[in-house]
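Working notes, structure below.
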């Protein structure tokens, strides 16, 4: 593999020490509760209100949640994860709130602290529960609201808090800044891969991520190869190359907004009509689906994930790939944020089929795909390790059941997760990136 | 005033009034909540169709999901269908609705309605036991859930007893049945039973939410 | 009819054979749900019974109860029993009038003090006693005066038993039942509008036989006749069970004799012997004739939501009130939503 195991080990060691870097967010208990409640008041609109009105306590959500399925621990039932906001809503915002106040208990700081484990450790907001709820409740977005309230209350888990604070204060993630970016660009240039940086005008602004720079340089290389093959008028930005959004991951909404608006500014500055997000699920959702709302209007460019871009270019016949079948079978892991929350179901499969690969689908795929357990920042929370490892075993079995030779995915966090957790379970199933697979097999 | 006179008279009057006041209050109140327009460019042109489709497709989850929820899925249908058959297709009930709505509809042979009523009762009792013993259910169940179950079960029990002329004298049993139904009326707006009015809205909403992204909810 | 004649002598004098008499006794005994072994006792008691003095007071009534009792196509042993009592005062049947009639009443009360039966039909107005008077005496006063030395009181008809038609909403005369005024005498309520004739004579026969009042239900009615509801003995019950109902009075269901529940039959909540004993010597009863039971032997049967409104329908249905409730609910919904929105709007624009 192109990823050096030392790079992975280095990163893992650093992640282990993250907690210590977090600056404390101490405040009186009453203030924590008040700030959490303020987020609820501010952010609950009719859609979220519908979610909170409609629950009938049927428990079906638990039956499809990978954390519950792996452990059978009833605390992980998705509906329970947002219990504090539900109680707040019933007491303070629902139309019949005056009656509810008679018997619904007010939330306190213990409720908030208890929910921290539930929404950060034991939930990746994957949204599989959203697919089964008979009332059509958007559980994952309500869990995200819980994260926002905990963030305001200073209760982000330390590791995530550390990186969020780093991004807020320094603009970097895991120490990856413009210098590290330029270094990788130079290294790739030395290998013959040209990457235009900081062009004044460009049609396509391509983004990267901290994980790209630290672990998956070949992803950057692959993207560059594809862009150059297409003859696209593209550029990357040295001061705005990182699409990763730790405000989003930690629930720190103001930080999420800052990062997103910065990207939008950079895109506007170079007049881009398209912005390409790297293989990173949450970055795609933050820019593609939240960006317009944060900006207050639709940005003047279209946001595409790199897998989306590749699929569309292949479909249009502009990008041609070699058929590398030879009986090789692959299965595709549908990353939660890209597929269920992003809609990119068909584009990766267009690419895989164009490559002539025998695609063996997992039983749960597309909108019902099972989360690998590595997203939404959960990879950073060390105390959640054992739990996530157990949840990962469900995914392992699913992949094994397809008997596919290789597993392809288009999200760095998922890829990292498969590699590290797989290694820990002595699984070591080949995991490939869609971008690299396509870039390495471009037709001449 | 006998118990039956009360049940058919002021009991019915006030329970209906409370139910309608409560329901209009709650549903209209939610509907007029703060609405945040989603400005992102939708992937699909047809958000409304996505919403309407979700109303139907949510009733039949994908097989890989349904296999995990099979028991609740089927028992949920059985008791809901059985309950509505009992309520809507029994001639004396149809006469009741006609007196309020002004119109009726054809019903089933009366002695056959006992079948869905009894099945519904059995399933509800089973589900209540499940709620009291299953680990997830015990964790998420609130008083609302138990009260809703008990009130609905009491309408079925009193109805079946009145039908079979079991227990107290018929006019008392009929009065108790009326009163149990009136309790149900009053309970609907304040409890999870209001979901009978929300399910269309929330399914529609999740349909449009995911349709926007190009995902079938 | 000589007053001191026994009932047996009187019937013999009227040409009733011993066999006929025993037939009557056995029919009476079975009607009163007495065991066959009681037949001998009934026969002997009736044969030797002295003719009791009966004073019949008619208040706010339509005389239907008397008509029911006295109109028969052929003289029956029941009517002879009725004749056999010493009816010392009865507005419709007595020969005397005016002061003479009242004098006869006072004489009977005095001669048979503590032993005479008081039969009352019609309700008693207490709103203003002047609504109904006899010989210048209000019903209220006459009842109290006559009941004082009576052995027992039979309230014949729903008006006397429960207030009946005059008692129906809005009860302009303040009509009440006998039992609302007299509380210190045994009262047998023989309700019905009118009661089945044979029920009256059955009660009298019981009284003649045992010198006591029969077993009564919670409403003071003889349990033997009012112990079961019409629904349980109705011959159209199978149609009820099968859900076959007449929807109008001349539709296919009506012509086929289907259940009259949907046309307002109150059979299930009405206790009487109509479905078994029937009327006009067992000819028919309302349901058999195609009209639902109106519940005439029950208290307040006029105010049970209407004769043509089914029991399962509420007695209340006001579209205006429901629309008003919807409007009130909507207003509260709008108000609560606006209050919540205002609170949420204020929170926008803040940092967190």
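When the chains are written out, they are named A, B and C in that same order, and each has its own residue count from 1.
Just so we're on the same page, a residue touches a chain if its C-beta (ideal position, glycine included) is under 8 Å from a C-beta of that chain, and two chains touch if they have at least 3 such contacts.
Predicted model, so just to flag it, every value in this text is computed and none were measured.
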{"item": "Chain separated most widely from chain A, comparing mean CA positions", "value": "C"}
{"item": "Most central chain, Cα average position", "value": "B"}
{"item": "Chain pair showing more contacts of the two, B-C and A-B", "value": "A-B"}
{"item": "CA centroid of chain A to CA centroid of chain C, Å", "value": "81"}
{"item": "Gap in Å, rounded to a whole number, between the CA centres of chain C and chain B", "value": "43"}
{"item": "Centroid spacing, where centroids are CA-atom means, of chain A and chain B in whole angstrom", "value": "38"}
{"item": "Residues within chain A bordering two or more other chains", "value": "44, 93, 95-96"}
{"item": "Residue numbers of chain C (touch at least two other chains)", "value": "332-333, 336-337, 340, 344"}
{"item": "Touching two or more other chains - residues of chain B", "value": "22, 25-26, 28-31, 33-34"}
{"item": "Residues on chain C engaged by chain B in the complex (per definition of touch)", "value": "229, 231-232, 240-245, 261-262, 268-269, 299-300, 303-305, 309-319, 321-322, 325-330, 332-334, 336-338, 340-341, 344-345"}
{"item": "Chain C residues within the chain A interface of the complex", "value": "332-333, 336-337, 340, 343-344, 347-348, 350-352"}
{"item": "Contact set on chain B toward chain C in their complex", "value": "2, 4-5, 8-10, 12-13, 16-17, 20-34, 90-93, 95-96, 98-100, 102, 107-113, 165, 170-171, 174, 178"}
{"item": "Interface residues, chain A side, partner chain B - complex", "value": "44-47, 49-51, 53-60, 62-64, 68-69, 72, 74-75, 77, 79-80, 93-96, 99, 103, 128, 130-138, 141, 288-293, 295-298, 302, 339-343, 345, 363-364, 367-368"}
{"item": "Chain C contact footprint on chain A (complex, rising order)", "value": "35, 38-39, 41-42, 44, 93, 95-97, 152, 253-254"}
